[in-house]
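See below for the structure under consideration.
Note that the chains take the letters A, B, C and D in the order they are written out, and that residue 1 is the start of every chain.
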Amino acid sequence: MIFSSDNWAGAHPVIAESLVRAAGGFASAYGTSELDRKVEKTLSAVFERDVAVFFVATGTAANSLALASTNRPGGHVLCHREAHVNADECGAPEFFSHGAKLAPVDGPDGKMDPNRLEKEIQRTRGGGVHGGQPMAVTMTQATEAGTVYSLDEIDAIAAIAKSFNLPLHMDGARFANALVTLGATPAEMTWKRGIDLLSFGGTKNGCWCAEALILFDTSKAEEMGYLRKRSAQLFSKSRFIAAQFDAYLEGDLWLDLARHANGMASRLAAGIEGSNSTRLAWPSGSNELFVVLKKETAAKLQADGAVFYDWPVPHTLSNSVAEDEGLYRLVTSFATTPDDVDRFLKAL
Amino acid sequence: MIFSSDNWAGAHPVIAESLVRAAGGFASAYGTSELDRKVEKTLSAVFERDVAVFFVATGTAANSLALASTNRPGGHVLCHREAHVNADECGAPEFFSHGAKLAPVDGPDGKMDPNRLEKEIQRTRGGGVHGGQPMAVTMTQATEAGTVYSLDEIDAIAAIAKSFNLPLHMDGARFANALVTLGATPAEMTWKRGIDLLSFGGTKNGCWCAEALILFDTSKAEEMGYLRKRSAQLFSKSRFIAAQFDAYLEGDLWLDLARHANGMASRLAAGIEGSNSTRLAWPSGSNELFVVLKKETAAKLQADGAVFYDWPVPHTLSNSVAEDEGLYRLVTSFATTPDDVDRFLKAL
Amino acid sequence: MIFSSDNWAGAHPVIAESLVRAAGGFASAYGTSELDRKVEKTLSAVFERDVAVFFVATGTAANSLALASTNRPGGHVLCHREAHVNADECGAPEFFSHGAKLAPVDGPDGKMDPNRLEKEIQRTRGGGVHGGQPMAVTMTQATEAGTVYSLDEIDAIAAIAKSFNLPLHMDGARFANALVTLGATPAEMTWKRGIDLLSFGGTKNGCWCAEALILFDTSKAEEMGYLRKRSAQLFSKSRFIAAQFDAYLEGDLWLDLARHANGMASRLAAGIEGSNSTRLAWPSGSNELFVVLKKETAAKLQADGAVFYDWPVPHTLSNSVAEDEGLYRLVTSFATTPDDVDRFLKAL
Amino acid sequence: MIFSSDNWAGAHPVIAESLVRAAGGFASAYGTSELDRKVEKTLSAVFERDVAVFFVATGTAANSLALASTNRPGGHVLCHREAHVNADECGAPEFFSHGAKLAPVDGPDGKMDPNRLEKEIQRTRGGGVHGGQPMAVTMTQATEAGTVYSLDEIDAIAAIAKSFNLPLHMDGARFANALVTLGATPAEMTWKRGIDLLSFGGTKNGCWCAEALILFDTSKAEEMGYLRKRSAQLFSKSRFIAAQFDAYLEGDLWLDLARHANGMASRLAAGIEGSNSTRLAWPSGSNELFVVLKKETAAKLQADGAVFYDWPVPHTLSNSVAEDEGLYRLVTSFATTPDDVDRFLKAL
């Protein structure tokens, strides 16, 4: 009953085996091997256009490099207040961007409110050099609240970004989970909507360590090569990432794994919604659920062996969570079993 | 006949299998799993004292974080002119250190000359705030020239660093290769000589991706935790690094692999020294050889299928390499076979 | 009727003349002249203890260097949301601090609410390396709202900073204005309350360009010397700053100028409070007033030759400012005359 | 007999008086006043084209901002080894440029050798992402050795910079001194030769504090506005710089002052060349002389009241300076009198 995080799972066997298969022989280093090239081609096919692919060590690195590439002095990065870049990356985006400001935008269900986004951009522009300048917009899909922006909602954000000529980044740490929820293609959820840069995460969805920064504008690739190396993110034996992505993308394994994880979350959500002692804080859309439980109940579940985290109650929820209640996060993954879910619901 | 680099090899089968073994089940993330802890304990045993261990993505990251932790405004990092930090990291040490200056120190055989090191430190101190201030000394073991500092030579460098109260870092991308050459213990080659921070590399010696920054002063560990995360170098499924190191250190596999690679280099060196058409640029000591060849010979070898790199002739060699000659680097690894070596020597 | 800003005034004649007097002869550069030393001694006397003094070009530089000296990776600087460091310095504090986060704390009348400050510190500490770490607290005296922290209010902020072992900085761009309002001594308003670093501004109060960063802990002075030089803030002919401060501090000119500016603001405030078409947004305490006016009235005043700025309505006031009203800032200075004030009030 | 530095002089009386004249009245802040605009226009006239002008606090700031505006990750700035940016700015260019590397190029008489410059650029480009990338070339006019690049020599450097598409910066801390030596116009010595960015120094030549960064490509001005503010280099009462430049440029005062300083240096040089106990290290061309003296002689001169600095012997001179000799720098300024010179020569 491990619902603490999708990064508590290890690697899917197919992916681990791919690493073993690739271990023999020699191949050129620093991202130039045949396997690296193959994965780049596969990703271009997946996204239905030529893309530039940069393997990096962590999702934080992909996000931070994306934002660093948009760099402007005194720059503001518009993001949801709860976004990973703002709340959970220890200032990496600021460091990579030489001191950019993460400018939080509120909005319900973990999604930026387009009106507030526009107002915040205008506010920044109003301050002249003193106030700095907007530099990029970043959105998370699936969001940190476990919800998913609809294609229309992405359009609304993109329209504002474009109207101010700001690059638009998508943090896709749980890209596959959002994709299968929307039933969209990768192209439809990204560049066809106006996304310029994508953090494409594989780690949370069954890889050991497979994160890629994807540029839809390949003319920015040369500069990114230097940015990545300068950030100590260029792997020598880069094919160990390629080998993971190769297996991950082959035969749509990645979508199957996401469907499984989302399915487990739905099963959990159904059980929770059917209970009268608990409720979801936000609608469910991916493999993350945020649940309001009596603190007592949560403690009992944990004593019974369920592993999950307390979550800080955001100020938008502060009125709807009672004194004796808490907010808790439940995350499923490729490795979650129906039995795990059912045991949890039974304990609940 | 692949002698291009030790990072053209993949992973040793035992290490790849360890990744498969660790792939199942759940474990806590971000370096807190049992396997992570086990490796930390093993490394403390290996180094005969409590050490703080930070897994990172690349050797460049380990080096850059080590230097970043010594940060001083206007700081100078003293290093050999050919050091990886100075020549091959695209400014990562400068970026991580917010603009520190890499101050090159010359010396024969890829080793810093202690007298020049001292003079350069004094020169910097002489400039007041205008000239900046010395901040750290870093040495590479084995060096970029394939040579190895003797214990006495490490002592000489350490004595100078200590006399100016400067932290001393060792770039151990090929730590194991140097260790087996000296026949010293890890402790004897590091903290017993005055090394404060060590980049402990496993990738070039049989791992897929296993680099660790090791602090001998564990009181610096808390700050380093933030530095690492801010640099986007904290792996979520950190145990995939731990699994590699676990197999790497088990039963001294790491030393066996280094002995093998060094042995292949010695076999190659013996053949080269016995030839009258070629010679070594620097004495051999690890798994890297630098060879002076007629350009014609090099081209013929490459046509015969040998893979190795041209190397820029450093100014210290410029008088001893003729117009029709070039400098070439040959690197062996755990995956090099005696047959590879013998075929190369025969072709030569 | 210039109420746009205290930096629209030029220099007080006594200060300008001091520059002429100092122009002749030779003196050693980079802050080592006799005049530089004299001012340092005077400031030590003014603050009743040995202080380290660093002249810099701008208040932004003093603030940014102060915060840079407290640097921690992933660091958060706690400040009021409307603080100059957060709202008006184009990311200079973030740049100087290599990407620190300015963490806004709300509170009425431009002052941080101590409870919210404490909560925000605890929130940051709760996130482990992911959330970063608190690194410093900074308060503005007089505040950006024109109000003044009482000595007790400073004590409350300082107690929290100290309880978390965080350095406490005061942005004293309008230090003198606050001082004469409180009737306190410089020591009483700073280090006796727990202030560690002070931006001591002279520019807004009658100098051309005279800003100093003052360290109450002189053991930090050596490092600051390098920080200042690395930030391109070390003047060669430093005595041109010293000459201004020399005249500024002589015979308490600085306090007289502040008393005059505050007096003009009080005269203005009295007139405004007596009017029934307008009101103060916050209580008056220094030489800045924030006034709620009908937009129509404001436009008419401006047409009549009054110069002052619209001010963005902060969200805390959004309910109390009507649709047809605006928020306006009126600033007085050493150069404001009673006649200016009276003409403005008459026009109103 | 003060020959220590041109920054030991104060301000020329005409410039000091201009500050007094400008002190009254009100004017808009942050570089928007009429006087600011007037000086910008004057500089456009002086340079015979529209230029963008940014007043900053120090020459180090002008240099560092110029280089920061050319920023590229892993960037190398090519400069003479003895250049102020490399030797005397405590890492400010590196800090402003987020870790760029200052890549020293040698050459006689303080001037970059064009062949070496080209080789160093090619060497950097040869290393792929590992070696970083060339990002800018910077030259100092007059040089740190007191010499002056001829127009042809500037052409040679510019041709190389342009052939690699690199922006070319001129550090003109002693711009006027070089200009009057060459008898060229400001345009002829800068943009007509290919200079893109100029640090235009007034401080060493009779101002208190007047430095400007001049962009010949005005399309870069908007971004520079943010860079300057983010660096804490935007003066509020900016007209105090404008007032100095206004007087400095009026009636060619700046050229008269430079001619005087150079004339004093020539008088000194003539006397030194006529002596048989001493010699010039490099040909004289501006207001700086570097003299080889017996240490004993230098000590005696200093005992007699002459103030001048020992200078570190660069390695290019190490063979021509005897054990009992030293290298000494003598600098003249607008404030040096013929009598100072003659007394020094007599003492010699």
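Quick note on the criterion: a residue touches a chain if its C-beta (ideal position, glycine included) is under 8 Å from a C-beta of that chain, and two chains touch if they have at least 3 such contacts.
Please read all numbers here as calculations on a predicted model, not as lab measurements.
Listed here as common contacts of chain A and chain B: C, D. Taking the CA centroid of chain C as reference, the farthest chain centroid is that of B.
Shared numbers divided by all numbers used gives the overlap of an interface; between chain A and chain D this overlap exceeds half, so the copies present the same residues.
Look at where the CA atoms of chain A average out and do the same for chain C: the two points lie 41 Å apart.
Note on chain placement: the centre of chain A and the centre of chain D lie 50 Å apart, centres being C-alpha means. One inter-chain figure worth recording: chain C and chain D are separated by 34 Å, centre to centre, where each centre is the mean of the chain's CA atoms. Shared interface positions of chain A, i.e. residues touching 2 or more other chains, are given as 30, 73-74, 89-91, 95-96, 98-99, 129-130, 132, 226, 229-230, 234. Partner chain C is touched in their complex by these residues of chain D: 2, 4-5, 7-13, 15-17, 19-20, 22-30, 56-61, 64, 89-92, 95-96, 203-204, 208-209, 226, 229-237, 239-240, 307, 335. Considering their complex, residues 30, 72-74, 98-99, 129-130, 132-133, 223, 225-230, 234 of chain D touch chain A.
Only residues 73-75, 87-91, 94-102, 123, 126-127, 129-132, 312 of chain C touch chain A when the two sit together in their complex.
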